[in-house]
Amino acid sequence: MPLTAMMKPSPKSRSELAPLLAFGAHPDDIEFGCGGVIAKETRAGRAAHFVTCSRGEAASHGTPKQRVAESKKSAALLGATVEFVEFNGDAHLEVRAAHAIKLAGLIRRAKPGIVLAPSLVENQHPDHAKLGQFVRDACRLARYGGIKELRRAQSHAIEQLIYYAVTAEAEPANITPVLIDVSAPDVLKAWTSAMEAHASQMSARNYVELQLTRARLRGLRAGTGHVIALFPNDPLILDSLAHMSRGARRF
Amino acid sequence: MPLTAMMKPSPKSRSELAPLLAFGAHPDDIEFGCGGVIAKETRAGRAAHFVTCSRGEAASHGTPKQRVAESKKSAALLGATVEFVEFNGDAHLEVRAAHAIKLAGLIRRAKPGIVLAPSLVENQHPDHAKLGQFVRDACRLARYGGIKELRRAQSHAIEQLIYYAVTAEAEPANITPVLIDVSAPDVLKAWTSAMEAHASQMSARNYVELQLTRARLRGLRAGTGHVIALFPNDPLILDSLAHMSRGARRF
Amino acid sequence: MPLTAMMKPSPKSRSELAPLLAFGAHPDDIEFGCGGVIAKETRAGRAAHFVTCSRGEAASHGTPKQRVAESKKSAALLGATVEFVEFNGDAHLEVRAAHAIKLAGLIRRAKPGIVLAPSLVENQHPDHAKLGQFVRDACRLARYGGIKELRRAQSHAIEQLIYYAVTAEAEPANITPVLIDVSAPDVLKAWTSAMEAHASQMSARNYVELQLTRARLRGLRAGTGHVIALFPNDPLILDSLAHMSRGARRF
Amino acid sequence: MPLTAMMKPSPKSRSELAPLLAFGAHPDDIEFGCGGVIAKETRAGRAAHFVTCSRGEAASHGTPKQRVAESKKSAALLGATVEFVEFNGDAHLEVRAAHAIKLAGLIRRAKPGIVLAPSLVENQHPDHAKLGQFVRDACRLARYGGIKELRRAQSHAIEQLIYYAVTAEAEPANITPVLIDVSAPDVLKAWTSAMEAHASQMSARNYVELQLTRARLRGLRAGTGHVIALFPNDPLILDSLAHMSRGARRF
Amino acid sequence: MPLTAMMKPSPKSRSELAPLLAFGAHPDDIEFGCGGVIAKETRAGRAAHFVTCSRGEAASHGTPKQRVAESKKSAALLGATVEFVEFNGDAHLEVRAAHAIKLAGLIRRAKPGIVLAPSLVENQHPDHAKLGQFVRDACRLARYGGIKELRRAQSHAIEQLIYYAVTAEAEPANITPVLIDVSAPDVLKAWTSAMEAHASQMSARNYVELQLTRARLRGLRAGTGHVIALFPNDPLILDSLAHMSRGARRF
Amino acid sequence: MPLTAMMKPSPKSRSELAPLLAFGAHPDDIEFGCGGVIAKETRAGRAAHFVTCSRGEAASHGTPKQRVAESKKSAALLGATVEFVEFNGDAHLEVRAAHAIKLAGLIRRAKPGIVLAPSLVENQHPDHAKLGQFVRDACRLARYGGIKELRRAQSHAIEQLIYYAVTAEAEPANITPVLIDVSAPDVLKAWTSAMEAHASQMSARNYVELQLTRARLRGLRAGTGHVIALFPNDPLILDSLAHMSRGARRF
């Protein structure tokens, strides 16, 4: 019996898995940046909820109505639910205290263990890094007891804030990534389908090929199929070296 | 039943844990740098072996004979075995291909999963970074099939190379650490005893207080007791976000 | 007569020491981040004034009224005065030009030599880095002659802007720190008392132990008692190598 | 009476200034890299000694005999003495333990407070970084009591190791510099003369103009005349914020 | 016939050179930061247009009216045109979505190939980095088809965004510079004249000497006269190694 | 007529292109790391010569005799010549002055403009970074007039030293890459064939797929086919912004 098998949570633990909350600036960001991880987690029994902060109305392709429909279909393919929250609209995000407080309220309502947000690297779509910044702030504010706008919701401490990179350029250079293997055929298929569900975005650039090539390169480097890199906001505490025994290099 | 408890390997898996191989430049480096992690791993059933590359004969205090005796006592307190290998002596280490090949031979013999080595940060005792460098090289050479000096030993691929930092200055700035909680009373006690077993080194500087203060500061930051930071040579592949749910920050 | 003693300003120079101006986002930030340095400077005859930009009303513990009272008591223990300036309130700070101009006005009034501000590291309480950013801007604006909001106050050029880190995570990785020894018993005692004066914050986390452990670790590394790290915004110009003769490493 | 004046060591302290020991790979490295600082220190009463590790025999211009003569003349102009030590010759330096031990012996003999060495940046003349590396190692070995080759010399703990950059490319990016003002006319003149004393090197490239332009640019940025940047191996411990009051930026 | 000569665009290509669009926060920023490059490009037949985002009304010297007149004269000396756009005024810039959208509209109108903007380094005049940030955002928004405020202007994809550094402190450490030789006498003269045209700024600090010293130091390092460093937002794609054959180091 | 076409050297310039000299530690390193660039350059008329520093005798697959034969075939497919130089053998490289001097002699003989070497990143096969280090040193030594071992060969100044990365892990983080488009069908085919010519290495890992995936990911990010990243040792001097007009991001 291999060690990694032994490490997996047993079936009865599924109900105890705290839900995952993922934030995206545009209807397809979460799917393109880390959809394979979402598919893997929901298949393992974890609830996943998406909060999307625009309807993609500044993009060159797709109407807001189409984008919302595509987004709901895509989230369903990943086993997740999705809701839309407005912050002045696509291409209009700003880092404002009120935005962070509003997201903190959503965190208090969803009570997630892990929060996923776009990375803070600034050389990407301006909305991505800005959203990442106020999600990070929101994770802290969710715990503080005295914020008057949030007094009706019980304060909540998340476990970890983890960044995903919508594009290769958005991968932070100052955080060692943690890699998640998404090679299982059903996971890879769900991820691909979820990306393709954003049909209005398929005409322009090779977005799906780009993401699969990124994941394949990580996979080839690690001697496996496809791998997605995530970037934790803070160092991990692991209970044992056993969890450190698989690395991105094949010695 | 908490999730972290469920993640622990079950007792019957102990025999399957690949042994841990730790390298040190001087008789007390492993103990001071990551003794608490060793204690925790051996208590969890993993075999640990130390390879020490000098008898500390350049130090201001302690004879080589004393240092070897202290080292054996200390390793035993941590549940580990120890052997001594010479590379021209204390304060005389150099980065040489022959040294890496010699260590690769030891790796082939011990067949470890995880290898621990001093960090590569150069602003520390010159022997530490130099040893780290040729341990890293040795981990690769252990796998290559055509090295003539090693032809009699079967090639071996380790799982991960992980660095420890003998001092705070030796913590690499370019690797996000992974934290191991060593707060359990028996672990902390074994670590402290193992450090104190190097009695000849106790006269000069507050080495034990220094290490415990380092670990306590990491622990306070993470909301627990004592924590040791390790630095993997390559990114980790984790099987699930469940292993990422405990972070160094208390949100 | 030791050299460091000779370097100290003589008593009659005290009246010539330009006052120190320290900015904090919350009532206890200055004390926790660099209270020991303040105590040392005021004991050496330098005037110190704190500008605190909220009453801590978003915190889980303590009312604004309590916080202000604690803050005044704490500042007095450090030999400093304190005033409160509002920028939309605790957890509501934003980087706005008007905020920087307002602080520039305070700088023109106080005419400090050295300004202390929270570090710019973003992975900390959102108010800290934001305040640091507009203090930095304010230090520049204080000198510019044409800012219309400030025309009634004479422009003022500070000597140095120095950052303190409220927590270990907030220590900037891209600035080599400068260390200040705060081991003198009266200094250490004043610092500890000033932190404990924030009684409403003592219930939750081990904040005082955390700061003293940070300072003790720095002290142990340098072969002394307790040390606080500061981070100058710009390189220092020193008049002689004599001032460089004490370093953080004991060779 | 200005504060900086008060900080200066008084004349009677001169005898107490520990000597300065500077290492160079080639006959003109110290002069080009930090000659102005040497001139300022010797004028303040500090003894300075140069150890040069080749006779420049690999250079395109100048014979070893000429280079030694130029070097002696140049050192004298700076108020320093010079000796030559061989490590296989110009362009043949290697990082060897025996070299570090040999230099450690020289350190034990000279008993310096401050040691100056070429920076560790690798993208410069190969001898420079290699020498910097074994000077750093030597500074540690000088203190260790048990090194058999050095048993006849009393161990010595230096105060600080400080790097100079022979060229702009050699300035380390990971150490915040400390700036020394060398604008005083006699200091600037001594430095210029010392560089020009290396007459055999004047034909090829504009070395003197290069160094003066570097120092002038640093000076212009700081609002003064000429400034040389130095790079301490370890953070400075300063006794007071008074020493931090002059910075590289004119606010 | 030297290779670099062969690489130059032939005269008939001039009409095909896409115009250059440069943004500055204050009337003299572009000239001081990269005026020599502008002069060189306009002499090679490229059209250049400046957008200046204040009239310098917060500066200690010069009235807005004077500054505008100086700016027009200076731009003409460089062969460029200039227009003024207001964003709340000098020392009042903020990173706002509306500002980026407004600049995106200017980009759509001017249809530049290359856009020049002040670098993003934060430790400089607060307006510089803030402008750089929203120029970067604007370059992306100029291409997006659905931004409602911009619907009347055709979307435009620029070729490259390149940063200039107004001061040495503003040079980004995380981008390898690309160097442009501005040693040709007419280029150097045009640049110097353009800087001196800002007569109101000449009284205070040695700004012209500072810029020429910066460029001379870069030139000396590369074995030529004067050189200006630019910092591309994204890696260059070059068609051949032939374009890489001249480097900043003289081997 | 597009600008990039105009920039290309005209056919008659081919004889004037200085030859390219590429160094590899093992028989397939150059091909895997930058074979597409070699193919493109030789097709443009530049001579290319490979110096390989082992026969791959430490690898798990292929005899030295096979490796040499494969190497010659592969070089021919790229339009290059190849020679073998021994430095103690595969997996036995060390950074020694004598090695750098030996390579400097080869540089003097070949008189290249551009030199290609494996990157200096240490976390790769130990031979790669070590070879990169002494190639860098060799490029400098080739110019120095007084090195006695090289007196019979005329000194030679190369134009640029450029690193290639054999694997993705070997890409330097501190140098902004320069990208070369290798999408032309004949170039891509020549590169693929050259990699496949190392038939003995095809059995074990997906090396060809790995390299093509790396190049495809770079290509997708830049909106083209396949792209190889190179890393210049020193900043480029470009003659015009025209050469900077194509970037790695499609705005």
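Per-chain numbering from 1; labels A, B, C, D, E and F assigned in written order.
The rule is short, and it goes like this: a residue touches a chain if its C-beta (ideal position, glycine included) is under 8 Å from a C-beta of that chain, and two chains touch if they have at least 3 such contacts.
Owing to the predicted nature of the structure, the values given are computational and were not obtained by experimental measurement.
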| Tell me, which chains sit next to both subunit D and subunit F? | B, E
| request: Match interface E-F to one of B-D, A-B or D-F, accepting only the pair for which over half of the contact pairs are the same residue numbers. | output: A-B
| Does A-B or A-C have more contacting C-beta pairs? | A-B
| said: For the two copies subunit C and subunit B, is the contact made of the same residues on each side, with over half of the numbers shared, or of different residues? | reply: same
| query | From the C-alpha centre of subunit D to that of subunit E, how far is it in Å? | reply | 38
| field | Chain centre separation (subunit A, subunit D; CA means) in Å | value | 52
| query | Using mean CA coordinates as chain centres, what's the subunit B-subunit F distance in Å? | reply | 37
| field | Contacts with 2+ other chains: residues of subunit E | value | 95, 140, 143, 169, 233-234, 249-250
| said: According to the definition already given, which pairs of chains are in contact? | reply: A-B, A-C, A-E, A-F, B-C, B-D, B-F, C-D, C-E, D-E, D-F, E-F
| remark: Within their complex, subunit F touches subunit A through residues 167-169, 173, 205-206, 209-210, 213-214, 216-217, 220-221, 223, 249-250
| query | For the complex, which residues does subunit C have touching subunit E? | reply | 95-98, 100-101, 120, 133, 136-137, 140-141, 143-148, 155, 233-234
| request: State the interface residues of subunit E toward subunit C in the complex, per the touch definition above. | output: 56-61, 88, 90-95, 122-123, 125-126, 169
| request: Note which residues of subunit B are touching subunit A in the complex, please. | output: 1, 3-4, 6-10, 13, 16-18, 20, 37, 40-41, 44, 46, 113-114, 139-140, 142-143, 157-162, 175-181, 222, 224, 227, 229-230, 232-251
